[in-house]
Amino acid sequence: MIDKTCVIEDIRPHFTHGQTVMVGGFGVPGTPFTLIDALLASGASNLTLIKNEANEDHMGLSKLIEARRVQKIITSHLGLNATVIGMMNRGEVEVEFYPQGILAEKIRAGGAGLFGFLTDIGIDTILRENKAVVTIAGREVIVEPALRADVALIHAAAGDRCGNLIYERSARNFNPVMATAAGRVIAEVERVVEVGSLEPDQIHTPGAFVDHVVEIRQLTAEYGILAHHVL
Amino acid sequence: MIDKTCVIEDIRPHFTHGQTVMVGGFGVPGTPFTLIDALLASGASNLTLIKNEANEDHMGLSKLIEARRVQKIITSHLGLNATVIGMMNRGEVEVEFYPQGILAEKIRAGGAGLFGFLTDIGIDTILRENKAVVTIAGREVIVEPALRADVALIHAAAGDRCGNLIYERSARNFNPVMATAAGRVIAEVERVVEVGSLEPDQIHTPGAFVDHVVEIRQLTAEYGILAHHVL
Amino acid sequence: MSYKTKIAARAAREVRPGQVINLGIGIPTRIPEYLAADMPVWVHSENGILGMGLRCRRGAEDRNLIDAGGSYVTLVPGASFFDSALSFALVRGGRLDVAFLGALEISCTGDLANWIIPGKYAPGIGGGMELAQKARRVIVTTTHTTREGAPKILPQCTLPLTAKSCVDTIITEMAVIDVTPDGLRLREIAAETDVTQVQARTGAPLIVPEGELPVF
Amino acid sequence: MSYKTKIAARAAREVRPGQVINLGIGIPTRIPEYLAADMPVWVHSENGILGMGLRCRRGAEDRNLIDAGGSYVTLVPGASFFDSALSFALVRGGRLDVAFLGALEISCTGDLANWIIPGKYAPGIGGGMELAQKARRVIVTTTHTTREGAPKILPQCTLPLTAKSCVDTIITEMAVIDVTPDGLRLREIAAETDVTQVQARTGAPLIVPEGELPVF
């Protein structure tokens, strides 16, 4: 067995200027904060980032954007991040929006080695502008190209040494699809477990998709409960 | 909670003449033999069936075809069923072949409410004949339409009363994608379990996709080991 | 009772046993509070949950269990988790019975605009467009007029559409209105108002059925 | 040693540690028997398995654990199961390092035909087309000639293609041949034969490197 576990310092050389980086997570759950910090520390800039949202102000993905390392964000919604919306409105970062499930589907198509898919989502809206439209089964549909990245940053609850991953609760979200859709897939895990200890029927991401597994040394405050979302 | 469990006799009225029926399974594992027998007993004919293969001679799907209930099979490979290959060659049943992963992907696209997808699989072969071809990212690709069915017949290891399913080992195969892609989804399960006893992170098919759950009264010989595949 | 409470409580009465429903941000998230405790319903969340319960009481939060709006939530027995691709397969594939959504504008043919105010508000698309376009039934829960008192229900939308002809029912603090092939049909009216007032604050003609209107 | 045994044993030597490999029906399924016991390799099966071990010994079969050819198999630690869509996402998405496939014909530019003999044999497509087109490396394991002694390696295929320009290496009972931009390059030769015989049974010209050829 080739052990895919490594320490965070081993990851940094994989980050380079101008890369496209997919980042898992939907809000706090599933966001790989440790890997994002490593990407920030690497100094890589002119990045294109793909993530459901940009986290909230001063957290996670937002740190990279606020540090002006990001040329473009491909995302679904920035509603909880006034800082990034401000930067977008001032033209300081380019933003490309997709309907949330279409974004997930574009990534999945990239991971599945498809070139794109056909959808009627948005066909009667301004979303159809500047998109290729074809007719199938008598219906006009948008041609959505597949999306892949140079690197995917994944957060999982547990990973074994050969890269098998399991996710917990709503922290699954975009992580499994992104784990299929990048040239290099790096997973941070809350605990590394020995090979054979994950039940084969319960593995969410098979190890073949994962290149590196990094154990998180400490779940920092960013991973915790956000006070302003508490009842 | 609305209890989705029922007995096999309740299922029969859902089978009608001319239906399109998806059937899970890859060989014996995951093939819903009990539901296939119910479809046979219903007398429904002129069926269009969608399944990875037609099982082996005189088993499972093959019984429906041999009983002349089937107009067309949409499948990937019939290599282990000389009876059905013979019927195909004599024009007694229409067969539409797709590459195995493309068949899975067409069903998944149907389940995901997409109209189709773009793939280069087969683009340099006779498969491109009579297919719509478009150019994307400088590459000629085939437009594969999505596939849905009136009814999907699913086999699962366990199901709870609200339709959540888990599959075992290589019996998963086409079942989870087919469970998303039909107007009526009927699952046979080896055991019915109480709601709440399946771990939410380990459920393979969420109950929302499943309309009926039928407990298999007895695992007949068809579900067992095939002697001619034993070492 | 606040407008929002009244709307959420009335909207809860549209839910049928066994339905799979999705609750948009704002008023819809309050609907579960007004469902009967024994009402069997499956609440879907875009971030990959089926079977959400009420919002989580303070102190019991699970850092890995939030809804699509970021609130900490609970689960009901039979809940399941899945990835974002399957979450929207459920929506687009026709397994979502009802989506409750907010609105900026609704047209008399059921067009919905709720995601952009050009030059002012454009935080992205999120899951709303797929919910609006693909849920089997779309119920808009919204105040009847804007803060400035302008009608939100119009002959046609002036803002960019979320989806065309998607709205089935509009529930406001004043009325329950169905979008029908013949136009907007008043189904129920709030106790605090009357048909003249509802029509006055609605920017498109209402069909008022004969006989007494049910009151909520 | 039979032809098939010799080919499978030689093919096993192409496997590198940590690779994800898929074994087509026939000769390839015998490759694991010839891998070193400590060789870390992940065997993928189209029906949704990563981490297959050897074929299952008689009496220990699990009715739910077969490979894509129907044989009962075993697992290695770290194995996982997944559905058919993810199984082929792995293949088409570039995570399959090597596919070992059988052949009816191979052209000198690496075209592969292995699924149809018009009028005689057309059982379907299966997973082979995707394996041939998308594996990072395609190794064909086949007898050097047909049963009738006709070359399978040809200037161009006469049968319908499985995939164009997909074959990287051909392993037969006579030789190991790489498909290169310059043409077919003889890499190794069987102890039982010589270059003249190999060329005589090959329907396209072979590039024979200078010096002594490794023997297997």
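When the chains are written out, they are named A, B, C and D in that same order, and each has its own residue count from 1.
The definition used in the following text is that a residue touches a chain if its C-beta (ideal position, glycine included) is under 8 Å from a C-beta of that chain, and two chains touch if they have at least 3 such contacts.
Note that the coordinates shown come from a computational prediction; the quantities given were computed from them, not determined experimentally.
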Which chains sit in contact with both members of the pair chain B and chain C?
A
Taking contacts as defined above, which has more of them, B-D or A-D?
B-D
Compared with chain A, which chain's mean CA position is the farthest off?
D
Could you tell me the distance, in whole angstrom, between the mean C-alpha positions of chain A and chain C?
29
Cα centroid separation, chain A vs chain D, in Å, comes to 35
How big is the gap, in whole Å, between where the Cα atoms of chain C centre and where those of chain D centre?
56
For chain D, residues contacting two or more additional chains
81-82, 85, 88-89, 91-92, 134
Touching two or more other chains - residue numbers and ranges from chain A:
105, 108, 112-114, 119-120, 167-169, 172, 200-201
Chains grouped in pairs wherever the two touch, ordered by label:
A-B, A-C, A-D, B-C, B-D
In the complex with chain D, residue positions of chain A that touch it:
1-2, 108, 110-114, 160-162, 164, 180-181, 195-196, 198, 200-201, 203, 206-209
Per the touch rule above, chain A residues touching chain B in the complex are 105, 109, 112-120, 132, 134, 136-137, 139, 141, 143, 145, 166-169, 172, 200-202
As the complex stands, chain A meets chain C at residues 26-30, 52-53, 75-80, 85, 95, 97-105, 107-108, 119-122, 124-127, 157, 167-177, 204, 223-226, 229-231
Applying the document's contact rule, which stretches of chain C touch chain B when the two form their complex?
17-18, 20, 40, 42, 44, 50-51, 75, 77-82, 85-86, 88-96, 134
Given the complex with chain B, which residues does chain D contribute to the contact?
45-49, 55-58, 61-68, 70-72, 81-85, 87-89, 91-92, 116, 123-130, 133-134, 160-164
